[in-house]
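After this come two complexes, each holding subunit A, first together with subunit B and then together with subunit C.
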Partner chain A sequence: MGNMKKFFILSLLIFIIPLKSFSLIEVDITRGNLNPLPLAVSPLSIDDNSRKNFKRILDKENIGIAISLIVENNLKTTGLFNPLNKDAFLQAPDIANLKPRFEDWNLIKAQALITGKVDYVDEKLRVEFRLWDVLAAKEMMALAFTTVPNNWRRVGHIISDKVYERLTGEKGYFDTRIIYVAEEGPKTKRIKKLAIMDQDGANNKFLTLGNELVLTPRFNPTSQMVTYLSYFRNLPRVYLLDIETGMQEVVGDFPGMTFAPRFSPDGKKIIMSFAKDGNSDIYTMDLENRIVEKITNHPSIDTSPSYSPDGKFICFNSDRSGYQQIYVMNSDGSKVKRISFGNGIYGTPVWSPRGDLIAFTKLHKGKFYIGVMRTDGSGERLLTENFYQEAPSWSPNGRVLIFYRETKTDADGKGFSAKLWSIDLTGYNERKIKTPTDGSDPSWSSLLSN
Partner chain B sequence: MKLNKILKNSLLVVLACLALTACATKKVSQPGQMQGDVYTGTDTVEYLASGVPDRVFFATNESVLTTASRETLRKQAAWLRKNSDITVVLEGHADERGTREYNLALGERRANAAKDYLMTYGISSDRISVLSYGKERPVDSGSNPLAWSKNRRAVTVKAN
Partner chain C sequence: MPEDNVKKVEKKKDDTQNPEKIDNEVKQVSEFEKEELFDPNNIASLIDKSKEEAASTIKKTDSVTQDKMKNLENTGLSLSEEDALKAQIFGCWSIPLGLPYDENLLVRIKLELKPDGSVVKSEILDHARMNMPGQGFYKVLAESALRAVKLCQPLRVPTTGYERWKDLQLNFDASEMLKG
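The block that comes next holds the complex of A and B.
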């Protein structure tokens, strides 16, 4: 995978640079978008020979159509775009990719058009695609890249990222993965496994067998390692897992429970809580020299630490005021300052990758909320209210939050479920994410093809 | 006597149904099961030995031992003193109405509150280990105040 990724990046070559640095189409992603941009994703054209080869290798009837469907689905789930029904398309994919008849696309009210072509070249998959501004009758972007055929889904995600970036001015989040806890069984005896999947739910894979309880997995900045809590041998400890090799190791040598782990933004340290004699404090461990540092020293519960993206600050929750509230401190533990002052209790603060916001869980009058506030605690905004939900994790571009939600059981304890959900920072576009089993504790990776 | 009880029960049910239109779905916490929001019933309690309950219960967000909890722990301490070869694990738990990570810490704090009390009654810390499950292992899967009160607990489990 590591080698493959390197290859992928090297072979991603841009052969035409857009002529103009501004576009006529602009999609504003800072507000809830009630009029998603109508756009047409033409199936990628493919010649007969290539089609047969990919059918043999990937068992897909038409890989050009399959890739365009991934793009369409990605763009649709953002809530910013409205991919039009392919039945209405008048122009054949191959001709459209050469030169669209803009008046035809205009007729079906498409404002943007994506066309492309897939070829089988030296046992590899070569893709080119173009983004067109239909109203201005201009090409906005053209890219080509080559990869191994098995990467075909990622090709769809990378096209989506490029289109999203060109139309919104912000990086996309489609060529990413989600690590989460897959759950099954009765509420009193839940079986939990680490699972990983593509951002769109494809390629779901279980990473542990469910023999021991596992919780709160989080990616490192390169998304190749995961830190999580495992109850292996009934000793709850923070572990490190290399996704590629499957190698696991316990983090540090603590005489008690370690939990709530996260990586530092440079990936060199793990920050976590260590509980001893009824008191939980925050510690870091350097993964190279194994040096452990105690960051907080207070008789209250200090947990759920998360670094700012520049590594200079840490936000965490503590009940030192009597109830769980959010605090920010310098990364050496100095200058602890409470930032949450609204009604209710606040937990699970997570610093946004853009640095300007902290996402959190709030409990107030028996309801749970996912919300965001500025890093000084001002500008609190609640995005969603439910019976139970917590543990937001940011998309790498800081525009979407993924979290989990649990349902209320009836008087007999029936009807329990845990599901992954996502919501835009705007508070719009709330979506349930399909997983093969129940799911919780999601963590979003960085962009894999960055 | 028995008939009387049945009559009384069915009367209660009828009254409850009259009072609450949604009586099928509403399970009102039984009187005598909770004091404040601390569980005082015995539904979930198991016994380490005759007359020695295995668990104590807590108020929401609290790790303070109630009078009843201290009485239970004194019984456990007496039993442990009599059976000096036994070691135990104190398992601390929280209800589902809190964030996962905070609940892990809270479970640990509750288990240690019970452990500390056993130690003040002469039980060596060598014989007691602590394990927090947070909200991961509820005994009652209901989403109601009574179920939550049963789940906020520290349970003494024989380890050998």
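The block that comes next holds the complex of A and C.
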């Protein structure tokens, strides 16, 4: 009995003591400001000899400043960071990289600081950079890269990715490229070429001559391969293009209307819709053995298929309910389920690389919207509204969408344009992407380096 | 479009979080509180009223415990005091917008404060989560919360009753804001 009592007391103590000793005042902080984080990007320091060598090779007056500007621009476009004006910086770049005077950076309200150094070593570019937490007065990250001098822009993008990941907790999307359809000429007689550029609009290159119509280029999520649709003797033809080598390959000719070929997440198949016997269904093609498999079998029009990142599901459009809506099914075509139920019609669903959302275009009362919903159709959010816009494509981290927007033609048939735009998931950070010509149908690559 | 791959040649230094140091701080605080507020033996005696020999101990410790109990009963800040503190921290906390909004986004920070509201010590209570694989977002959120505390200090604390609030816990929860 005595033992029982002791046991009882001990048990009580176990529960009572922690309760009392942790009776702290607790205050719940459930709100904060959504202002971009103030951050200072100090120019990367460079010695005189290295500066002269890079000027000779790259024709850049100061490569350290040029790289830091790329980092600054990338971080600014995210809407998550506010790079501070360099005129306010009190500490010289070389000293700041060795040991920042945190009180100086604190004074200009910087919460994070990026410093670095560029060297010319054995005809290569060596860049080191550090990320500092100004308020905690500590180094958060330090890395160094060596590469050929011509890769200097990529170094800027890689630094941006590393900083972004360290400060946001998710991967960046700066060391990536965008393939799109470059357009020129009047609306009724457009010349369309495949074009590729860095995600910030630099290094634009045309990949086709514009003799034939090209449509819907899509990146392979695992490599730098692209699939797209072109017309050969008025027949739709699906192509594969290796961006690295420039090699092009015909995957196949398909009858009737063929739409939007897209890779599976492992890059081994393409999925598309085409019309056979007057009915449009979804098909896959194994790129190794070229076997075509029918996935949907319904008298309605099924188009725009897109795989979930794990390859287990497919989202697509169908008008089987009377109006075009978004559906999700297993990758073998079973268990088809409608997920969009809002007013209007829905199209171009694209599964986020993060797996949590599906982006879409919506037409309602004459306006076009780009929006996102969860994969079960709940939580629909419209991010942007315009006269005409469509074809969203995800950044590799599933945070930003790129799409294209057309302007209205005036009474004289003039004023038409098509431009690429991006918007992030908050819906506030909308930006026009600079391209040398008009552009449509953009597709975002995966990260070039990991 | 051949491009030479950029080679990551060296990782100069990992992030400089120092879990050992903070763990020690947790221990110190816990021990301090345990010692000052409760003596397990005395409380055992307090509960076990049938023990004759413990009666004196009960009397001895009773007054101390009662005082503490009084304090514990009055620990909460008044609504206006709490609102003032919250409003101050809301302005200092830059919520990292890149966080996934469907994750558990609660960071609990325990503070030891000076009478003027400046921070003597701050510790993340779920510190182990900081360095867990796949919890990068938690680390980012925790760092943002620590930055907010540093940026805000001295905190807007009541002018009286220092003993009440010298230890304070802030629960930073970003989920509401990120869900929009």
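Here is the rule we use: the second predicted complex is superposed on the first by the 409 of 450 C-alpha atoms of A that agree within 3 Å, B and C clash if a C-alpha of one lies under 4 Å from a C-alpha of the other, contacts with A are read in each partner's own complex, and residues count from 1 in each chain.
The definition used in the following text is that a contact is a pair of C-beta atoms (placed from the backbone, for glycine too) under 8 Å apart; a residue touches a chain by one contact, two chains touch by 3 or more.
Quick caveat, the model's predicted, so the values are computed rather than measured.
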Touching partner for A:411 - first (subunit B), second (subunit C), both, neither: first
Which superposed partner A:208 touches (first subunit B, second subunit C, both, neither): neither
Touching partner for A:111 - first (subunit B), second (subunit C), both, neither: second
Touched partner set for A:356, first subunit B, second subunit C, both or neither: second
Partner chain(s) touched by A:35 [first = subunit B, second = subunit C, both, neither]: second
First (subunit B), second (subunit C), both or neither touched by A:91: neither
Which of subunit B and subunit C A:45 touches, first, second, both or neither: neither
Which partner, subunit B or subunit C, touches more subunit A residues: C
Complex contacts: residues of subunit B adjacent to subunit A: 25-27, 61, 63, 96-102, 104-106, 108-109, 111-113, 116, 130-132, 136-144, 147
Subunit A to subunit C touching residues, read off their complex: 5, 9-10, 12-13, 16-17, 20-21, 23-37, 78-80, 111, 128, 130, 133, 135-136, 138-148, 150-151, 154-155, 158, 164-170, 196, 205, 243-246, 354, 356, 381, 399, 426, 448-449
Subunit C - residues contacting subunit A, complex: 1-13, 15-16, 30, 33-34, 37-38, 40, 43-44, 47-48, 68, 72, 75-77, 82, 85-86, 89-100, 102, 110, 136-141, 143-148, 150-151, 164-165, 167-174, 176-177, 180
Touching residues on subunit A, where the partner in the complex is subunit B: 186-190, 213, 215-216, 229, 234, 236, 256-257, 259-260, 273, 275, 277-280, 301, 303-304, 317, 319, 323-324, 347-348, 361, 363, 387-388, 390-391, 406, 408-414, 416, 440-441
